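Shared between the two complexes below is chain A, which pairs with chain B and chain C, respectively.
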Partner chain A sequence: MAEVIYRGFCIIIDTIAKLMDKIRPGWSDRNSSRISEWKLMAYAYSRSAIGIVGGVLVSIFVIIGIIGPYIAFERYNEFPASVNPDLYFLRPCIPPWCDPWSENLPLLGTDNWGRDILSLVLHGARISLVISLIVVALGVPLGIILGLLAGYFGGAVDEVMMRITDVFIAFPALILAIAFATVLPSRFREVLYTNVFTREFFLSLFALSKEEIPQLASLLAVIFALVLVWWPGYARIIRGSVLSVKEQAFVEAARSLGLSTWRVLFRHILPNVLSPVIVMVTFDLGTATLLAAALSFLGIGPQDPVPELGFLVSKGREYFPDKWWIVMFPGIALFIIALGWNLLGDSLRDVLDPKTRRSLEFKVKGKKQRKFKSVKRK
Partner chain B sequence: MSKKYLELEPEKILSVKDLEVKFYTYAGVVHAVSGVSFDVYENEVVALVGETGCGKTVTTRAITRLIYPPGHIARGQAIFRRRNGTVIDLLSISEKELRDIRGNEIAYIFQDPTSALNPLFTAGEHIVETIVAHSSTNRKLARNEAIRLLKQVLIPHPSLRVKTYPHELSGGMRQRVVIATAIANKPRLLIADEPTTNLDVTVQAQILDLLSELKKQYSMSIILITHNLGIVAEIADRVYVMYAGKIVESANVFELFEKPMHPYTRGLLHALPDPVRRIEKLEYIPGTVPSLINPPPGCRFHPRCKFAKRVCREEPPMVEVEPGHYVACWLYAKR
Partner chain C sequence: MGLGRFLARRIATFIPTIIGVIFLTYLIAYAIPANPVRAWVGGEKMVDPKLIERIRHEYKFDAPWYEQFTFLFTQLISGQLRDPVRGKLVIVSLGERFPITVELALFGMMFLLIISIPLGIAAALKKDTPIDFAVRFLALFGSSMPSFVLYYLLILAFFTVLGITYLAGIPEPSRPCRLFVSNLPNVVPVVGYLGSYIGKIPMFGAMMCGEWSVVHETFKRMWLPGLALGLLSGGFVARILRNSLLDALGSEYVLFARARGLSKFRVWKHALKNAMIPVVTVLGLQFGGFLAGAIIAETVFGIPGMGRYVYDAISRLNFPAIIGGTFLFAIVYVTVNLIVDILYAVIDPRVRY
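Let's look at the complex of A and B:
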């Protein structure tokens, strides 16, 4: 199994190298050490069972997040029970005990409006994916930039920025997010009603229909609130790394070579402090999903009929434990998402760390050892 | 604002006058460099000698204002003649102008080649970046130039080595890469801060040969910081001896080794083991370097000096004992 995965990665890497060679002739020759390093990474990754499980879970989630709303056979805003009252609270029909095809029953049951839970979960996955990606994509760079500036310039800049960060960290993140998420929606609603482009963009991003603009506003409010509570952790970590990196001789050497402050900051310091962030991002993609779900569970996020996973759980609460499936399946989806990202992050930490990666290389015996060394002497 | 009229003798390239650098620490103000003046002529190797912590490095860093808080350049002038002939004071020009000079007309070689290279940059990228930062060349031409420079600093297979990362190179190779980066823009003044300290002796000799070779080729001046008198004898033309943040003696290299005047210089030369004689015990200078927070008044060497007199508690004058040979010591002052 591991061998197959490793082979697969090698094929991908070789294809990339060939493509780059076509775009810029001689690329793979110049970057032979980089390619062999990539292969070693692929090897290290393929040997970690945790990483593979995480990777599989995450890729399932991402694929469902992308195509989910299109393969869901029912729209979330259709209410079959209003046409046929028999469709209320249908029990889940899971294959070994019951055959959904012949009996024509929903696989994961239906909710109080007769909506198919599977379709709702498929759609919910998209919403969760988009939320976590936007939160991380906005929150992390913000934290990184503020941390870089604070760490590099020091003095008053550092003091002011870090005290603000402290305030944000000292305040419970969930409470702060609740506060933001309650205040913000009205502003977002105005923007969404006036600005057609933004509206269409976000509607298609979440695969929501036009009637849900107020719900979209509260979704955006949740995202914005999460971004606001997300950056301080990164700012602190980056600042700490910058403090140690900026004292290293190569930074001073770069300054003595007459490079501008921005060049030193972004070309020399940033790449050297980035590696812990990559791992943290994978963990945080899971955490952001969970926190967003927690906000909607508390009723701050979007309301009916938007199938946000946290909100589905919160709604199913009323019928629990009799109609357990309404809570159970969105909950399992959230669980899988969080588990997947965490397992993936855990293995990436080992794979991306050159030291543990090296130690793996030494363990490899015989034929494989030659594979990593792409020595090309002329 | 009227521009100050600066003067520099035509054969000089750099003239540092009355430089004073202080560090404001919790323990107190450290007078790292107090009133240092020295000159560098075109095409010469000037050695700055002294024991650890005497302010050699700080002096040279201060020349291009590479002093960061808590450090502070309290006063002084560093008059430099640029490539285009204009004479400027490095300590009072704008940061932008200074950045244009750093790495371009004045370049540094730092003492530890292991940490002076960014671990995420290849050897070539270091050089390319330096070239691109100071000229309008494109990266491709700069890369060819990088290969040429690596060849010049005697790195085998330069076209292969240009894409290796620092961790793939040996210490001597790394120092060569650092040197190649420093000379990338053909600087007029190269400041080599203990360039051979972390290298073994055979590599040291190679690096020194390389430096003097490059000096001839590019007709640049070199300020060499070292505490190794062997290296000084090997390549320096003139020597400044520093003690506790002050220059105590300066002379032509032959003159200094023949007739050291200052008791500290004498002690330093005396402490060199003579390979010919059998030595019972190594010579040393008694005492330790004074704390620069509270330096002794007058001549800073007097607490350790066997010739110390009462007058030594006053500031000694710089005396020219012979043409070009200056000593700051009361023994030679006419009173």
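Let's look at the complex of A and C:
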């Protein structure tokens, strides 16, 4: 199994190398050490069991996030209990007690409106995926850029930026996100009602229908609030590593060659401070999912009928503990999503850390004399 | 840098942070909402325009921004912010509820210590054994589990199935006892003030008067929320203790102590002392996190604390209460962090930044 995964990664890496060779002839010769490093990473990853489990969980989640709303048996805004009076007395139910003659048996039970929980969870995966991706895609670059500027320029810029960061860190993340997410929807609603393109874009992103514009505004508010909460941590970490990197000789050399400040910052300093960030991003994709779910659990995010996983749990509260499935299945889905990201992050930390990777290389070389170079030199 | 200068610098950065916190609170209250007054009086519903005018005037929405800011600043600092739903001062309601949140956080802390310290030491002693693996799993579990789902699972197990706890109200000391505690400053001059503050936490108040049945009831009521909080971060703290203990055991002074022929126990004592330094910091930060994370725990377990107050305020769009609560949470969190930083500098003489 591990060998198959390793071979697969090798094929991907070789394909990338060949592609780069076509674009820029001689690329793979110049970067042969980088390619062998990538292969070593692939090897280290394929040998870590938790990494593979995490990778599988995350890929399942991403695939469900993409196709989930389309393979769900029912749309989230169809309420069987209001259409079919027979169902009315059965809701919420779980299979042995559900209508056994119904066409599509609700595998994971139904909620108080007779909606199939499995369908809701499939749709909820999409919402969670989009939220966590947008939060990280906006919050992390913002933090990185501010941290780079503060660390590189120092002095007054640094002082001001770090004081602003302190203010944001002074609030507990959940509380600050709550405060922002309660006040932001009214602004977003204005934007969504006036701007057709934005509205259609986000509606299709979350696979929601047109009636849900106010809920969409709350969803965007949650995302925006989380972005505001997210950047300070990254700004601090990047600033710290920039402070130590910028004193090194290669930065001095780049500057003395007369490169522009931006080039020094983004081509020479940034790649050297980025590797801890990749691991953090993986963990944070899980954390962002959980925090967004916590916000909607508290009733700040989208309301009915949007199937946000945290909101589904909070709705199931009224029926808990007799009708435990409304709380448990969306909750388990959230757990599996976060577990996948955390497992992946845990193994990436070892894979991306040059020290542990080197020790693995020596271990392997002592045993098998494995060669990590497979791109032939012309 | 000496300890004195470190303290001076740390406290000097504390003040701009508080001003920044108030400014951010101002942005949340006045600048960001599209139509704040409409939101304050209840969203999109039809409301009497006269009422809106009155609130606009009362909360200075018709004033320029600097006046609004100074208004909010003085209100927050002097605690005059009024909750329009209950008609009480926000600070009074929060003051009643804060001790209960502290009680919850203390129970969480107790379970966190019970779970993490023995597990961390065991994992370091038996590296790469099932115990070590279990600690790793617990850490992973705690960071992946949505807190509210874990709370419901625990309720399902211990309340519904086993029925060994209950989930309503908070046991409080009797009325004469509470009077006695609030009278303490008049009886004992200096210590009394401290005592009356600590005595506001229901369990400690009951302890002061010797009402042990209340203490017993409190344990019966609070052990489950405490266990839930402890489970969520226990693995994480145990991992940190394990790593720092392994670092300490691999260091030269341990080697030297062994070479001098100290007993195994004495060597361990040396290593543990040094390994505890980062753990104390993490525990302090966790305490701040418990106070802040209480909003979910209090909602699920039905504990009438500070987080529950903010939660109720959210569901009623009671903005002054949200703002007051947010501000108080930030102040508490910043203060806890400040204390942790100072403690860290005091117990570890190598750290002076």
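In this text, the second predicted complex is superposed on the first by the 333 of 378 C-alpha atoms of A that agree within 3 Å, B and C clash if a C-alpha of one lies under 4 Å from a C-alpha of the other, contacts with A are read in each partner's own complex, and residues count from 1 in each chain.
The definition used in the following text is that contacts are C-beta pairs under 8 Å (C-beta built on N, C-alpha and C of every residue); 3 or more make two chains touch, one makes a residue touch a chain.
Here the structure is a predicted model, which is why all the values come from computation and not from measurement.
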Touching partner for A:Leu176 - first (chain B), second (chain C), both, neither: second
Chain B versus chain C as contact partner of A:Ser260, first or second or both or neither: first
Residue contacts on chain A - larger count, chain B or chain C: C
Contacts of A:Phe168 with chain B and chain C, given as first, second, both or neither: second
Which of chain B and chain C A:Gln248 touches, first, second, both or neither: first
Chain B versus chain C as contact partner of A:Leu290, first or second or both or neither: second
Touching partner for A:Val227 - first (chain B), second (chain C), both, neither: neither
Touching partner for A:Leu192 - first (chain B), second (chain C), both, neither: neither
For the chain A and chain B complex, residues of the former touching the latter: 30-31, 33, 154-155, 248-250, 252-260, 263, 267-268, 271-272, 377-378
Interfacial residue positions of chain B with respect to chain A in the complex: 64, 66, 69, 99-104, 107-108, 110, 112, 115-121, 129-130, 133-134, 160, 163-165, 168, 178, 181-182
Footprint of chain A on chain C - complex, ascending: 13, 16-18, 20-21, 23-25, 28-29, 32-35, 38-39, 140, 143-149, 152-153, 155-156, 159-160, 288-289, 291-293, 295-296, 299-300, 310-311, 314-315, 317, 319, 322-323, 325-326, 329-330, 333-334, 337
Touch list for chain A against partner chain C, complex: 163-164, 166-168, 170-176, 178-180, 182-184, 186-187, 189-190, 283, 286-287, 290, 293-294, 297-300, 310, 313-314, 317, 320-321, 324, 327-328, 331-332, 334-335, 338-339, 341-343, 346
